[in-house]
Amino acid sequence: MARPLNYGEAVLLWEDGKGRTFLITLEEGGEFHSHRGVIRHDDIAGRPEGTPILSGTGHRFIAFRPRVPERMMKVRRRTQIVYPKDAGWLILALDLFPGARVIEMGTGSGAFTIVLAQLVGREGRVYTFDRRQDFLENALANLERYGLRERVEAQLLEAGQPFPEDDVDAIFLDLPDPWLAVPAAYAALAPGRPIALIVPTAEQLKTTFAALQEVGFSALEAVELLERKVLVRAREGVRPFERMVGFTGYLVSARKALPN
Amino acid sequence: MARPLNYGEAVLLWEDGKGRTFLITLEEGGEFHSHRGVIRHDDIAGRPEGTPILSGTGHRFIAFRPRVPERMMKVRRRTQIVYPKDAGWLILALDLFPGARVIEMGTGSGAFTIVLAQLVGREGRVYTFDRRQDFLENALANLERYGLRERVEAQLLEAGQPFPEDDVDAIFLDLPDPWLAVPAAYAALAPGRPIALIVPTAEQLKTTFAALQEVGFSALEAVELLERKVLVRAREGVRPFERMVGFTGYLVSARKALPN
Amino acid sequence: MARPLNYGEAVLLWEDGKGRTFLITLEEGGEFHSHRGVIRHDDIAGRPEGTPILSGTGHRFIAFRPRVPERMMKVRRRTQIVYPKDAGWLILALDLFPGARVIEMGTGSGAFTIVLAQLVGREGRVYTFDRRQDFLENALANLERYGLRERVEAQLLEAGQPFPEDDVDAIFLDLPDPWLAVPAAYAALAPGRPIALIVPTAEQLKTTFAALQEVGFSALEAVELLERKVLVRAREGVRPFERMVGFTGYLVSARKALPN
Amino acid sequence: MARPLNYGEAVLLWEDGKGRTFLITLEEGGEFHSHRGVIRHDDIAGRPEGTPILSGTGHRFIAFRPRVPERMMKVRRRTQIVYPKDAGWLILALDLFPGARVIEMGTGSGAFTIVLAQLVGREGRVYTFDRRQDFLENALANLERYGLRERVEAQLLEAGQPFPEDDVDAIFLDLPDPWLAVPAAYAALAPGRPIALIVPTAEQLKTTFAALQEVGFSALEAVELLERKVLVRAREGVRPFERMVGFTGYLVSARKALPN
């Protein structure tokens, strides 16, 4: 049975034809003033997602629940975020599963925390750490919005300090100096399980590899992903978009090997 | 507590230094004859993953449980498979979560079925369909290997026939003629929920877009992903690999909009 | 002997540190009002290229003659231009050499005409055609600026009309419907010599290939080029730029085969 | 008038349909034993390029003069070569023109020397240097084959030694340690004129940038180019090839600025 969109819920408005999207929170009597006329929240509440809504000027919008990539892209940003294209790769590298216990160091704006919390499910646990209290609070507010708050434990921590959890199933690091946290990550991870990282430059990539090998990680891999959006129009034909994101970071994965 | 590697389980041997991997199933008294000497299964069984093993000639291998990307790449292939780089994107586009009920049409070798089954968890369900019984059987054997068999219902179906499930949370199509299955997918999907597809050529991409729009899908997007592996060596420095996979398919996502 | 920069000449001002560039034409008493203060043309005239110039506010600019990529990018644009990254590929595909006689159909803004004229030299000849007189005039003005005007013959022509030259060494087509000009191109080209084209969509690429094969072209190839600018900074390290041009067109080359 | 293909000349055989190419030198009574039957050189000599030739087994080949990209790819290789995709970019960055005097350091197999020699023409001059006599000799033999020998002066030189020419129009470096040759390059180059380099790793790119800035080069830029070959078939449709070259090097360009 399709749950109706309720007051208090986040709703993504997709502008028909244009592909522009807007994220709103449904409020009784609320109005969204788009460049294409006003949309009344009361026209949306109580109806299933996928419902088309006409603005005051007759433009068509579709009301959806935001999927995880849109939740990520629409977080209140306090930092660079992990992009969906990279998040997909990381989830597979981290071998996520429902019920997993996962550490994230470098909460940032919490975009990737949303993905982790969604995929570990109610029985899983995300332990997220940052050195800044305001980042943690912002991230928890973003998680709250999507009902994911209770799966996440957030805590202040400096890179290099030991993690207060151990035997975890996966660890993700998104830090300016990820190598500082690598020994603590090795200690906290269950044998054989994966670590993944995102690093911004070639030099950091090299330093990170050295740090991983030093403490006993094996199976090191590094990639970068290029996402090309493709324009498909009946009249104009098929071709990639003229502009694209050129780089977001190097993605690294490795696994905890035990000493001989 | 780290579960030891058991007889009957799939184990990935990572050749230290080289990065070559081998997938074996642990058997009592079994031997793996690598190009670097013999590895005895009995040296692995009962030990935690991450354990280093020396071959008869003294080469070091690490014994891991395969993660989901390795499970995908090492399926017994009867068809082209969905690659991990694309699988990550698709999982996010499909907005997967533990407990989700998902349709896959075009089981193929079952590589992507493994990802779906892992991420929907024990309470979720994957309904996978193919027109070929031998493909279904091969895919189920691949799933069995990883203890994911009971989350999946496999059934013969021709593209265009109605799906025997409805109100599902997500649908994935991997077919030579995906447009044939688009009306049935619209019927089976819960309002607002996502469909994702992979198509091999620009023409098919265009035909697919037209079919999606025709039956009422909205929020259409198409991308392609380029994954560049990066070589990181202390002496040689950092640079992308000289060879790469140039293309695996166009990825499409859309969402079910309701009629006005 | 280094020729000094003269009045009447085009000069590229490179803003030190920033990498921004400005194209000016030196005039007696002229002034360039940059966002970093005024630069007096008389401070540049008579000095060799490579000379550093200080603006009124003390910012450093270097005065260069524009190279061919900068000449291309700084043409007065009336149309999409051929980008330098693609121009390099096309020059090799066209097998250009000093003294060559070359046809270009679709003069556009004349960016690629500049490259052709520079590389065929004084003894070569570029025959450029467009259906719009204003485009031809704009292109000739761009060529005039660089002393390349006399190597180029410009003429009005509709796609599909025969070219008034024959036995030419190479032909380049940049047209919305390039297939219309393919038979005339075959007729005008010397046996075995190359044609190259740029086309914007997958469908046009396919139609173009069919047209080329139909009239007797062989050795067909199509590529696209992605240029990634790389940021190299002592402190920040090495990484690709965050934004890039995602697509400019499909590049095609083929050669005139004779009938059996 | 189309010059016929002569004995002693290099001829490229293009296998119709397949796109495979073979480079032969026409000899009286010579035979080329392809996997598709024998081709007699005497069937080619005296005929124009573009002529179709049937092999003994009835397969169709087209006889062409190799263009510059094919000349490059088919050199007798003693080293990594500069690839055509990169050569196109470099030619524009070097602002080549007929009559130019150009230095190349790191002759290698002479693939890029062929492009330089073709484009500077009879009145230009390529000064090419390498530390290995056998490389120089191999490169000169490659040039001889295409009638370009007399435009090139080859000489033994160690990176770091001064160049015996000055006031040259452009300099290209292809060396393992390009920074060693940077001061000598600055000295030999005319004011304002460009240098270009190819370097294999991120670290070398950084060291090269530092060396260029140190001696007074300005307008530094670094890029890498990805070339994707596109498959265009009437039945299969349009899509990129499944395999591609992932990386060949970072391309750098800069210009000689004068001291304040």
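For reference, chains read A, B, C and D in written order, and residue numbers begin at 1 within each chain.
Just so it is clear, contacts are C-beta pairs under 8 Å (C-beta built on N, C-alpha and C of every residue); 3 or more make two chains touch, one makes a residue touch a chain.
The structure displayed is predicted, hence computed values, not measured ones.
Trainee: Show which chains lie in contact with chain A and also with chain B.
Mentor: Of all the chains present, those in contact with both chain A and chain B are C, D.
Trainee: For chain B versus chain D, which are copies of one sequence, does the interface use mostly the same residue numbers on each side, meaning over half shared, or is it different?
Mentor: Same; most numbers are used by both chain B and chain D.
Trainee: If you tally contacting C-beta pairs, which comes out ahead, C-D or A-D? Let me know.
Mentor: Most C-beta pairs in contact, of the two: C-D.
Trainee: State the chain with the largest centre-to-centre distance from chain C, centres being mean CA positions.
Mentor: B
Trainee: Can you check how far apart chain B and chain D are, centre to centre, with Cα atoms defining each centre and the answer in Å?
Mentor: Their C-alpha centroids are separated by 43 Å.
Trainee: Once you find the CA centre of chain C and the CA centre of chain D, what distance in Å lies between them?
Mentor: Comparing mean C-alpha positions, chain D is 21 Å from chain C.
Trainee: Can you tell me which residues of chain C touch two or more of the remaining chains?
Mentor: Chain C, residues with two or more chain partners: 202-203, 206, 224, 226, 228-229, 237-238, 240.
Trainee: In the complex of these two chains, what residues of chain A are touching chain C?
Mentor: 200-204, 224, 226, 228-229, 236-248
Trainee: Could you pull out which chain B residues touch chain A in their complex?
Mentor: Touching chain A: residues 1-2, 14, 16, 19, 48-52, 60, 62-65, 67-69, 84-85, 87-93, 95-99, 115, 118-124, 167, 190-194, 202-203, 205-206, 209-210, 218-232, 234, 237-238, 240, 250, 255-260 of chain B.
Trainee: What residues on chain C touch chain B, complex-wise?
Mentor: 202-203, 206, 238
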